[in-house]
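Okay, handing you the structure first.
Note that the chains take the letters A, B, C and D in the order they are written out, and that residue 1 is the start of every chain.
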């Protein structure tokens, strides 16, 4: 494995363009402020601080849901409920903490319960898709509506605030000056990555995403796999919810996690996983998540007016999509031939 | 004939896919009023040449002339406008639409209020009638048809535009003798009307029966253009690029296994049936025996096999496996019982297109082990290397996506997939479909070898010769019902079976065994 | 002469202003639904006021996703059904003329809660009861002017671009600030009314401005609290290094004010259910009512003021 | 005489026979209609069931004004649901419709206020929709961007451009001809406001629906749309104009979003950058409720219109109930949707299991 090989492999990966886009955005910010990339110890809080760390911290929840979404999309499904599950998880934990004392045990109970509820929602999604045979889009759309309602019911519509130092530490704590939440997020990603790639889970998920009928004939049980995948997505969305509410120790039932499903889907697709399902790239989803966090931060850093923000994002997305497209790449490296017809296979 | 100007002339055509030179400076000429067979092994580049002609693939170099004019088609529709109708190797129809629509899509009869469905279906039915399918109801969904009939539908579709050039890529791969004969009648008539026909098939008899001229490709290269009276042995050696030696084995193995009888029943099904697909049927399989299922299209062979594998649930009947009553509710259960089933529907139920050859090969083994116990990479490589070598998959690159393999090579990979599970019962539904003659012999040999090792094989094929050649017992199905079960012997030929099928109805009970 | 008292005959009684459901007056409340603490308090207050004991049947119709289209269809449905009075708490001020005209045709009086309509055609409704957004945000600006006589650098955390509250609160603030050249506007960003977004936005703003922000004008409490968290995380002390002013006056905000984390809270008083009921009663009795009843709102500019108000805080 | 009589009897018998045969054939045809029509049929049945349920529990559903308003208030949703059906039939999706409506209406009203001819303005509004569809279609077809992402991008673009034009409501003059589209035409004058009414907007919705049905079922383009949804690869190998058809469906969806913008703007008299947030999901839900498969290839545009009406009726019923806890409304909406798709699934499952 020499450097040339590595470089070639990297270029072949579709998510390379997400990385390039991140670098470009960072460069733009750097032009705006030469000290942008500096990471320094904050004299008051004695923790590391800097824009890069801010980006990483903000990427943590997106990272979680993007990883879950990546697996779901790979089975040729979709999970629109992740944003609402975030709200549910936040609501459960905040409601519990607001009526408890500030003891660490309360925090652990809250975390466990929140994750349990989130996973249950995921399981329900999975059952509806795999056993009842509903379409993933509509199933999770229903769950997106119902989930936000459930969050509101849990807090009786209030934006619940709570105090608990242990819980707050998740998103605000530091280990050796480094934000805990990033470490947690990366650890979760690593675990998921290892589980799907070191076992045959990933291969089987891809297989049912590409051709469910053929997979069944091979002896793969799509049902169990689908339920697992949706549950994992629910669980990860629950974690994302915890990350989000613990930053501000408030759950905002109508805002927490709202429209986050779009961010997650975008991250996954920019990371090179096709929405039609099949081969997935967790690394790509991670890169996509970082790109979205960087983009969000850049918009604010550059002071793009609120009214122009969506257009700005649109332009960035379109540009990335164009760069990723075979056609444009064909123009760039004109040596490669482009088949007149896409190799896209009609999915049965 | 050669004085006339060719209607299609392809010169110096090259196409390169990443890692494979699929076509390398190939020339091809097609004249009006001829049936021209394109010959070559699996992966020789036949389908690619056809797709180059119709513009599905863009050519890297070379020129295409149709009726004297240089052309650069950008897809089937362009080609159709120039009078070239094509039936591609993998049946490309829309299963969500009706039969009539599939025949007529893009050529619907239009009236004052848009498409006139009545007239459209009428024309569709006329086209179907030309192929002897007048019994079909054009308003029924296509999905209700078996693969073979779908293949005929695709041909009917191609003839709707009254083409000047008709391209048929392995149109007969799932047809039986009767259908082939009626297809040939039509092809001959079209030829006499001046249509140029490009024909691809791995059945030499068919090629010789219908062709006027041949073009042989080997490894993506042009081997030569010959009149159709080329001796078989010469043709074969041109295709495989070596002398015929390796080839003898086919005849030697013929009916070799019928010498001994096998008694060790491993699977015994009684009254196995499913409403609407197959009547209650008895079937038993023995260790070391190859049992054949013969019958015409839609006779229910596939259906029976699916019940044995648990792909469909049986409504009636019992299965006794190794002496124990079992129910096979799903493929998983069947795999656990060391049953393997290679489907006839390669594209929809076989290959997992976006996975590599390696992944496709090990998938069944992996599924048996469960996701928790991944097959170590070394083990995977061993299995893959073994079957790529044994079955002669080309290109022998395990990391290539299976969808980019030629049809025949995909079939070989699928066979490898099932062999890798080391089954005790192997159900093969049309395993040699689309396989070149060399490889076909290899596969037959493999099947016999497996039987010798004690595997019980259920062998389904539309090619009766093949069934007769390697099976020791043959079940004959007709209209989704078992009508006979015969012991193979020196006096049994494909004609015997045809006779049984034809006589059924006249003679009520056929002697069993 | 068949008496069906289950109310299914509502439509036939439409127009005669009578009370279809026995003695109860049917009030249709076209509401906004869960949006934040302020809205919650406001709508709960109205629901608690128009009770059956008080002689009302309140029909509550929250908007789906804050979408005006769903409010319009709820409104139409109330008209079709023939309720006695409609309370309209619009998500958006404009585009209501046709619906209001239809209510008029059906002789159903409409009372606007909180949000006014644009253009303000007072003939289309009976009365509007609301605190004044412009006034409230001007109060914040005036506080800023008095607190920073020499001026300063301020940043605005807004709601979603294009929502009328945002426009009004901007307008009220700008009306004051436009005459104060010593103030420098660093920028304005939306944080979608949300604490966590506000925190994220403000942390970036602080880093891009090198922590050099004097005043934050947060258009609701939630965003103000987010800004405070961001400031703390950056090692600043809110109230000392940066002053944060918010609108709404929810309990959380007053607590933060009492702790000194916020510097100024302008109340936007949601508790006017009683007033609304009085108006309804007058209207049904055929009396005249004022076309705009401004709900008085307070401002809190010190921890002490907050401490004092906290024990009786209902929202 | 006798023979005459017998002849007459025979004739009647024959006639009856023929009729019975015709009826039999019709029944048989109805029973064995394409199984893909089942979900749509289920949707229609369930819609009627909902109407009856509403009438029984709350009353005032089967009355002229409620029914008229159901159509008038949901005209814009029906229109975008028809467009969405085209896209979804090909297996794609269009998330941009809501944002396109926002941009098209804001731009339209601003142009009208700048003194442009109102009729021209309406054309421009539709053209803006077409343009957005063209952009999305181009991204999808020529640059191989996935529909979800391409239309997400055009959604951001539409919303962003609308916000850049104006963040305050843009008002249409009261006498603007655009407003005419929402003038209520009374068909049956009932007591009070209980009239059977119709607006030009409602008529447009019906016309769009019929047009959509015609295109999908009676033109080659329409059938190609279905074919693409069945298998895009097969459709292109069958020589169907896949590219232009895919471009077309996105333009249809965009163009109809433009039409919906005209209809909605006319009804409200204002245009705003935040109009239409989340409508894409409503439209998709309507299409799915109407029995169209999100994977494409099966479904009916009529079902989508029913789906849109179901959503509208659901809101009416929630309003009529009036006692639903606000926190619970989304849960209930979700639950009703779920029950709906479950029932539909139940019906179709039993059919296909036969």
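The rule is short, and it goes like this: a contact is a pair of C-beta atoms (placed from the backbone, for glycine too) under 8 Å apart; a residue touches a chain by one contact, two chains touch by 3 or more.
Note that this is a predicted model, so its numbers are computed, not measured.
J.: Between A-D and A-C, which chain pair is linked by more C-beta pairs in contact?
T.: Counting C-beta pairs in contact, A-D comes out ahead.
J.: When the C-alpha atoms of chain A and chain C are each averaged to a single point, how far apart are the two points in Å?
T.: Chain centroid spacing, chain A to chain C, equals 34 Å.
J.: Just give me the whole-number Å value for how far the CA centre of chain B lies from that of chain C.
T.: About 71 Å, centre to centre.
J.: So how far apart, in whole Å, are chain A and chain B when each is placed at the average of its C-alpha atoms?
T.: Centre-to-centre distance between chain A and chain B: 44 Å.
J.: Got the chain C residues that touch at least 2 other chains?
T.: 34, 160-162
J.: What parts of chain D, by residue number, touch at least two of the other chains?
T.: 163, 167, 230-231, 233-234, 236, 273, 326-327, 329-330, 333
J.: Quick check: what residues of chain A touch more than one other chain, meaning two or more?
T.: Counting only residues that touch two or more other chains, chain A contributes 152, 157, 306-307, 309, 341, 345-346, 348.
J.: Please list each pair of chains that are touching.
T.: Those chain pairs satisfying the definition are A-B, A-C, A-D, B-D, C-D.
J.: Provide the residue numbers of chain A that touch chain D in the complex, in ascending order.
T.: Touching chain D: residues 128, 132-135, 137-139, 141-150, 152-153, 156-157, 262, 265-266, 269-270, 274-276, 306-315, 317-318, 321-322, 324-328, 341-342, 344-348 of chain A.
J.: Flag every residue of chain D that touches chain B in the complex, lowest number first.
T.: Residues of chain D touching chain B: 34-36, 214, 217-220, 223-224, 226-227, 229-231, 233-241, 297-298.
J.: Which residues, counting only chain A, touch chain B once they are in their complex?
T.: Chain A residues touching chain B: 198-201, 203-204, 206-207, 210-211, 213-221, 225, 278-279, 337-341, 343, 345-346, 348.
J.: Which residues of chain D touch chain C once you look at their complex with the stated criterion?
T.: Residue positions touching the partner: 58-60, 63, 65-66, 69, 73-74, 76, 163, 166-169, 171, 174, 182, 191-194, 264, 267-270, 272-275, 277-279, 312, 315-316, 318-324, 326-327, 329-330, 333.
J.: For a test of understanding, state which residues of chain C touch chain D in their complex under the given definition.
T.: Touch list, chain C to chain D: 6-12, 14-15, 28, 31, 33-34, 43, 57-62, 64-70, 72-74, 76-82, 92-95, 97-98, 102, 105-107, 118-119, 160-164, 166-167.
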